[in-house]
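Following this line, the structures themselves.
Across the two complexes that follow, chain A remains constant while its partner is chain B and subsequently chain C.
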Partner chain A sequence: MISLAGRDILHGWGKFVLTGVGLGLLIGVTLSMAGVYRGMVDDAQALLDNSHADLWVVQKDTLGPYAEPSSLPEDSERPIQAMRGVAQAAGVTYLTMQIAQGDKDVRVMVVGTEMGEPGMPGQPTHLIAGRQIVRGHYEAVADVKSGFALGDRVKVRRNFYTVVGLTSRMVSSGGDPMLFLSLKDAQAAQFQKDSDAIVRQRARTEANPQLNPPGNPAVAAAVNAVQSGNTNVNAVLVTITPDADPDLVADAIRRWQRLTVYTRAEMEEILVQKLIANSARQIAMFLVILSIVSAAIVAFIIYTMTIGKIREIAVLKLIGTRNRTISWMILQQALGLGLIGFVVGKIAASLWAPFFPKYVLLLPADSIRGFFAVMLICTLASVLAIQAALKVDPAEAIGG
Partner chain B sequence: MADGITLENVVKTYGNGDTAVHALRGVNMSVAKGEVVGLIGPSGSGKSTLLKCLGAVIEPTSGKMTIGDQCIYDNGWKVRDLRALRRDLIGFIFQAPYLIPFLDVTDNVALLPMLAGKPNAVARKMARDLLDALDVGHRAAAMPSQLSGGEQQRVAIARALINRPPVILADEPTAPLDGQRALAVVALLNDMAQQFDTAIIIVTHDEKIIPTFKRLYNIREGLTVEEIPQGIASPAPAVALFEGDTARDKV
Partner chain C sequence: MTLPFTTSRRGWLLLAVLLPLLLLFAWVALRSGPLAPVNVTVVQVEDRAISPALFGIGTVEARYTQKVGPTAAGRVSMVAVDVGDTVKEGQLIAQIDPIDLDQRIDAAAGGSARSAALEQAAVAQIADATARVALAQSQAARTEKLKEGGWVTDAMVDQRRQELAGARASLAAAQANRNAAGQDRGRLGAERAALVQQKANLRLVAPHAGLVVRRAVEPGTTVVAGQAVIEIIDPSQLWINVRFDQTQSAGLAAGLPVRIALRSRPESQVAGTIERVEPMADALTEEVLAKALFSLAEGIPSIGELAEVTVALPARARTPAIPNAAVHRVDGQVGVWVIRGGDLDFVKVKIGAQNLDGWVQILDGLKTGEQIILHSAKALSANSRFSIVKSLP
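Up next is the complex of A and B:
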C-alpha cells in the first residue's frame, strides 16, 4: 500500500523539516531541563561518592554538613575512631565562598581535610594533574571546573595558597567546584576573625575582670588564645570495616557519642529529597509546561497541515479511502514530525549541554523515555487533526 | 444495453414535520452502460442532492437505486460499505481535477486500485496503460502542478476509469475549459463510455456541450427528473432550460 503520509512529507519536505527543526529545538530545551535535574542529582551523588564515607557524623539534631550548618569538636573523631566497626574517621570542613580567579570571581566549596593517604575519608580523588596536599599549610587542590591551573596562587580570606593538584568532577551538591585545603587552613578560613574583630575581642576580654583577673595576666592570654582560633569541624566522615553493618555502627555512634549520624542512603535522601527538592519541582514544572507547549505546537502544526488538505481529504473519502487510511496518514505525519523533532532536539541538547553553567547529564534512559513521550505527545496532538479530517464530508468534493 | 445505473421513485427529504425540505420527490432515471447523458437544472432544483444520492454520498429517504446488477438502496435497505461501493462501482470527475498534489500522475490514477488492495506494481501498470489510452502517458511521472489544465482533466478522467466502474459521475467537468477543449472532453468521455462500457452522467451548465448529448435529464423546481427525448436537445432550448418553468414551456 502506498504511503500517503510519506509522499505528502516528501512533496513538501523543506517545510516539514524546518517545522521539525523548530519543534526539535523546543524538545532540546525539554531534554536539557531533564539533564539539568539529572546533573543536580549526579552532583549530589558525586559529592557523596567523593567523600569516601559510609557514615556522616554531624552536630546533634542537624541535617549537616551539606543541607544545614553543623559544627562539632575536631576531636570528636577520636572516640568514633575507637568504636567497633569503624575503619577510619576524619574531620572535614565545608565552606562555600566566592574567590577571585584571575579578573573574575568563582564560587567554590572550600573543603578542609586532614592530611592523609588518597582514599581516606574526605581526601580529594580523581586527581588528573599534580599531587595531593603534603604540606600542612598554603597548598590547595582545585577542581578543573574552577578554572585554576597548577601553580596558580589562590587567595582565600587573608592567605594565598598554591594549587598543587587538579581534580575532575569534585563538586558540591550545588555543582560548585571544590577547593581542597589542609584542615588547619580551612578552619582558619572558616572561623578566623579579621584583625579589627580580634582587637575588639581582646579589648572586651581585658575589660572583663573574670577573664582578666588582676595579678594573673596569663588567664587573659589563655582566653584570647582560645578565642582567636577554632578547632571545630563540620562533620566527621567515617568508613566502616567490610564486615560491619552501617546501620548498626551508626546506631552505636548515636547512642554513645550523642551525635547525629547519617548513612549513605539517608544522606542521599537529604541531598536529593530535601536539598534539591525545590529545584527539582521547579524543573518538573518546566518539563510539564514545555511538554504542554510542545504538544500544543505539534497539534497546531498537524491541524493546520490537515486543514490545508481538506479538499484532498474530501476527494480521498469520496473515491473510497477508508477513515483509518486517512487517520493513519495524519498520525504518521505527526509521528514523523516528532521523530525529526526528537533527533534534532537530542543533537541540540548534546551540543549545548557543555555550555550550561551547571552540569547537564543526558542519560540514555532519559532519551529513550523522552522519545516515547514525544511520540505519545505527537499521537495525542494528532487527535484534533484526525477528528477534523474525519468530519470532512466527502460531498465537499462535489460542487453545488 | 445493460443498465449502468437505475433510479426508481427516489425520494430525498431533509428534516421532518413542518420544516421538511423535499429535495427529491420521486426521481426515475436510467442510464445504460456505454451511454453518456447530461443532467441539467437551475440552482436549487435538487441537482446536487441527486448527484450526492447517485454518488452514494447520502442515502435517499425512499426509492430504489441499482448500479450495474447490484441494488445499492431499496426503501431503507442499503449496502453496508458505501466507501467500498464508491471505490468499486462509481467513478468521479469533478469541476476542477482535484488531483492529489503530493502524488505523481501515475499514483494519482493508481491510488484507487491500491486502496482496493491491488499490488502497487499492478496498479501502476493499469494506470500507465490508461494514461497512454488518454494520451497523457508521457506525463506519467509528472506532479499535478506540472500539468496543463487539459492534462489534469485527462488524468482525472483516467482516475475515474481506473477501476472500470459501471457508472461515472462528472460534476461540471468542462466548467473551467474553453469551447473547443470542453467539446474535446465530452468527446473523450463519449469514447471512454463506449470503450469501457461505462454509464456516464455529466452534470453541466455548459451551453456549449448540451447539444452533444443524445439524452438529457432536466431536474426542475418540481423536484422531479424528466427525460428529454433524444434529438430534442439543441443549443437554443437548452439555454432556456436553465430558466425554470418558463424555459420548460419553451422546450
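Up next is the complex of A and C:
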C-alpha cells in the first residue's frame, strides 16, 4: 500500500517542516508559559523546602515572615527548644534589599541564620561551590543567580562580607536570590541604622529633657544604648522529632508560648494562595488564552493546508480514491504536523528556559499533557478539513 | 508496509532533518528539567590535622580609664587640659569654683585666733586666782594659829576659811575657761583645715599619668557629684573587648596568641594575646567575652574602633577530614552523601573541630579515601540520579 500522506508530505516536505517548526515555536511559547507558572509556584515551595523547617513560629497574629513583617525576640527560641517534640529551633531573619554587584544593583533576600552547627534550619541546604560560613561574622553564601562569585566582597549596609560559598535555587517567593549571613550580621543589617540616623537620634535624645534630665547625664547614655541595640528575629524555624505530630507541637507552642505558629501545609497555603495568588492567576489566565489561541492557529493551519490541496483531492476523488483513504491522509498529515510542532516546541522551551530571569520549571507531566492536547487539537482541526475535502466535487479537478 | 521515502532523495533529506530533531528532543527530555541527573562534584576523605581557630569581633578599649570629676556638686571654673593632651600624675586638670570657701576659711581662721586670745586671758585669770589662793591659804593658816592662843574668835577663823575656798573656786573656774578656749581653738582649727581640704578637693588632678580622651564639660557648667569632667586613659594599656559566639568558643583560654585586624587597617594583622576570658558570658547575645591585649608599633588606634580577632588553637591529631560543604542534615541526622558502588548512601557522621577554611574533623563514620559528594546542583536524596562533574555550575 502506498502512503498517500507520506507522498504528499515528501512532495512539499520543506513547506511541511517549516510549518511544523513555526507551529512548534508557538507550542514552545505555550509550554514556556506553563513553565513560568510552575516556576512561580516552585519558587514559593523552594523557599519552604530550603528553610527545611517543620514549623514557623512568628509574631502573634501575623502572617510572617514571608507574607507579612514579623518580629520577635531572639531568645523566644529557647523556651520553644525545651518543648516536647521539638528537635531544633533557630531564629532567622529575612530582609529583601538592593545591593551593589559590580556596577549594577541586584535585588537579594538577605537571610540570617544560625551557623553554629551544620544543618540548622534556615541554612543553605546544598552548595554548588565553596564552603559554608565558618566565621561568626563577615562571611556570606550567595545564590548563584545573584551574580556573585567566590571571593567577592559584598557590601550590605555598612559592612563588607566575603562570599565563601555559592548555592542554587535558594530564592525568595518573589524569585530574588538569597544571600546568607550569620544571624548577628543579618540582625545588624536589618536593624542597625545608618550613622547619620544614629547621630540624629542621639541629638534628639539629648534635646529631650525627659530622656536627658539635667543633673543625671547617665540617663541619655542608657537611652542611646537601648535605641541602638536590637536582638530581634523575624521568625523561629522549628524542626520536630521524627515521632512528633507537627499539628500537636504547633498547638502546644501556640498555647504555651502565645505565639503564632504555621505548619508546612499552612505556610504553603499562605505563600501559594495568598502571596503569589494574584500574579500566579494572572499567568494562569494568560496561559489559558495562549492555549486557546495556539489551538485556533493550529486548526487554521491544518484547515488552510488541506484547502490548498483541494484540487489534488478532487483528482484523487476522480480516480476513485475512497473517502476513508483521503480522510486518513489528512489526519496523518495533521498528526505529523502536530508531532513535529510538539518536538520543536519542547526543544525550544527547554533551550530558552534557562535564559528567563525567573525560574521556569518544565514538568514532564506538563509536556505529556501538552502532547495529548496538541494531538487532540490536530485531530479536531483535521475533522474540519476532512469535511471540507469530502465535500469537494471531483469535477473541480477538471474544471474550476 | 514499505516506507514511502526509502528510495527517494527527498526521503533522505526529510530524514536528515527529522532524525537530529528527534535526537535533540530525546536529549532535551532526559538532560533538562526534573528528570535530569543532578550534577555533583566529589572529593575524597583526607587525613588532616585540623587546627581550629576562633573568630570574634570586639572593640578597642583602654584597660584603665579614669573619669575625673568632683565629689560634690559645683560649677566648673577652669579646665586646664584638652583632648589629646598627655598629663602627669598629680597635674591640675580642672578646677571647680570654690564660691564662699575662702571666706569660710578666713572666718574659721579668725575664730581660731579669737579662741587663742580667750585662752591667753584664761591663763592670766588662772595666775591671778593662784595668787589669791596662796594669799588666802597663808591668811587662813595664820588665823588658825592665833585661834589656838585664843587671840581671835571662831568667826574670824570661819571667814578666813571661806575666803580660801572662794579663791580655790576662782582658780578652778579660770582653769575651766582656759580648757574651753583651748578646745574651741582646736575645733576652729580643724574646721579651717577641713575647709582647706575641701578647697584642695575642688582642684581636679590627674590620678595617673595618661592621655586625655574626653573633655566632657566646659568652664561655667554645673556638674553633679561623680560626673566626669575629664576622662584619662593609659595609652600603653589597650585591649580589645572581644566577643566569641558561644558555639565556637571551645578551647578559648588566657594566654593564647591572637591576630587582630583593626577596621581601619584590615590588611595589617597585629599580634596580641588573650589576657583573660571573662567568667561572665553574655546570656542575651549568646557570646563569650574575652580581653585581648595588644600594642601597636606606632600610634594608638581609636578607642571604640571595631576589630576582628582570630585565635589559633593548637592543631588536633590527624583524623579523616572533609570540607564542611559536604555535611548535611537529613531526617535530623548529621551525615555525608557517600558514593558506594555507584549509588548514593547517606552516612551518619560524628563531626569534631572545624578550621577557618571550612574543613571539619570526622570523628566517626567515614574512612580516609572514601568518595563523598561535595557540591551538588540540587539537594540530594537517596534515589537521586547524579552525574559527576569537575566543577559547578
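A few points about this structure:
Simple rule for what comes next: the second predicted complex is superposed on the first by the 367 of 400 C-alpha atoms of A that agree within 3 Å, B and C clash if a C-alpha of one lies under 4 Å from a C-alpha of the other, contacts with A are read in each partner's own complex, and residues count from 1 in each chain.
Everything that follows uses one rule, which is that a residue touches a chain if its C-beta (ideal position, glycine included) is under 8 Å from a C-beta of that chain, and two chains touch if they have at least 3 such contacts.
This is a predicted model, so every value here is computed, not measured.
In the superposed three-chain model, the partner touching more residues of chain A is C, compared with the other of chain B and chain C. By the touch criterion defined above, A:Arg131 lies against chain C but remains apart from chain B after alignment on the C-alpha atoms of chain A. When the two complexes are overlaid on their common chain A, residue A:Pro217 makes contact with chain C while staying clear of chain B. When the shared chain is aligned, chain B and chain C each come close enough to touch A:Leu10.
Of the two partner chains placed by superposition, A:Val383 touches none, neither chain B nor chain C. Contacts of A:Val315 after superposition: chain B is touched, whereas chain C is not reached.
In the superposition on chain A, A:Leu363 contacts chain C only, with no contact to chain B. Look at A:Leu25: by the touch rule set out above, it reaches neither chain B nor chain C. By the touch criterion defined above, A:Ile398 reaches chain B but does not reach chain C.
When the two complexes are laid over each other on chain A, chain A has residues 1-2, 7, 10 in contact with both chain B and chain C.
Those residues of chain C that touch chain A in the complex are listed here as 1, 3-5, 8, 10-11, 13-14, 17-18, 21-22, 24-25, 28-29, 32-35, 55-57, 224, 227, 244-245, 247-248, 284-285, 308, 323-325, 327-329, 331-332, 334, 351, 354-358, 360, 375-380, 391-393.
The part of chain A that touches chain B in the complex is made up of residues 1-2, 4, 7-8, 10-12, 311-312, 315-322, 325, 393-395, 397-400.
Chain B makes touch with chain A in their complex at residues 47-48, 51-52, 55, 57-58, 83-88, 92, 94-95, 98, 100-103, 107, 110-112, 114-116, 120, 143, 159, 171-172.
Across the complex, chain A meets chain C through its residues 1-3, 6-7, 9-10, 13, 17, 49, 52, 75, 87-88, 116-120, 125-132, 134-138, 144, 164-166, 168-169, 184, 215-217, 231, 239, 241-242, 340, 343-344, 346-347, 350-351, 353, 361-364, 367.
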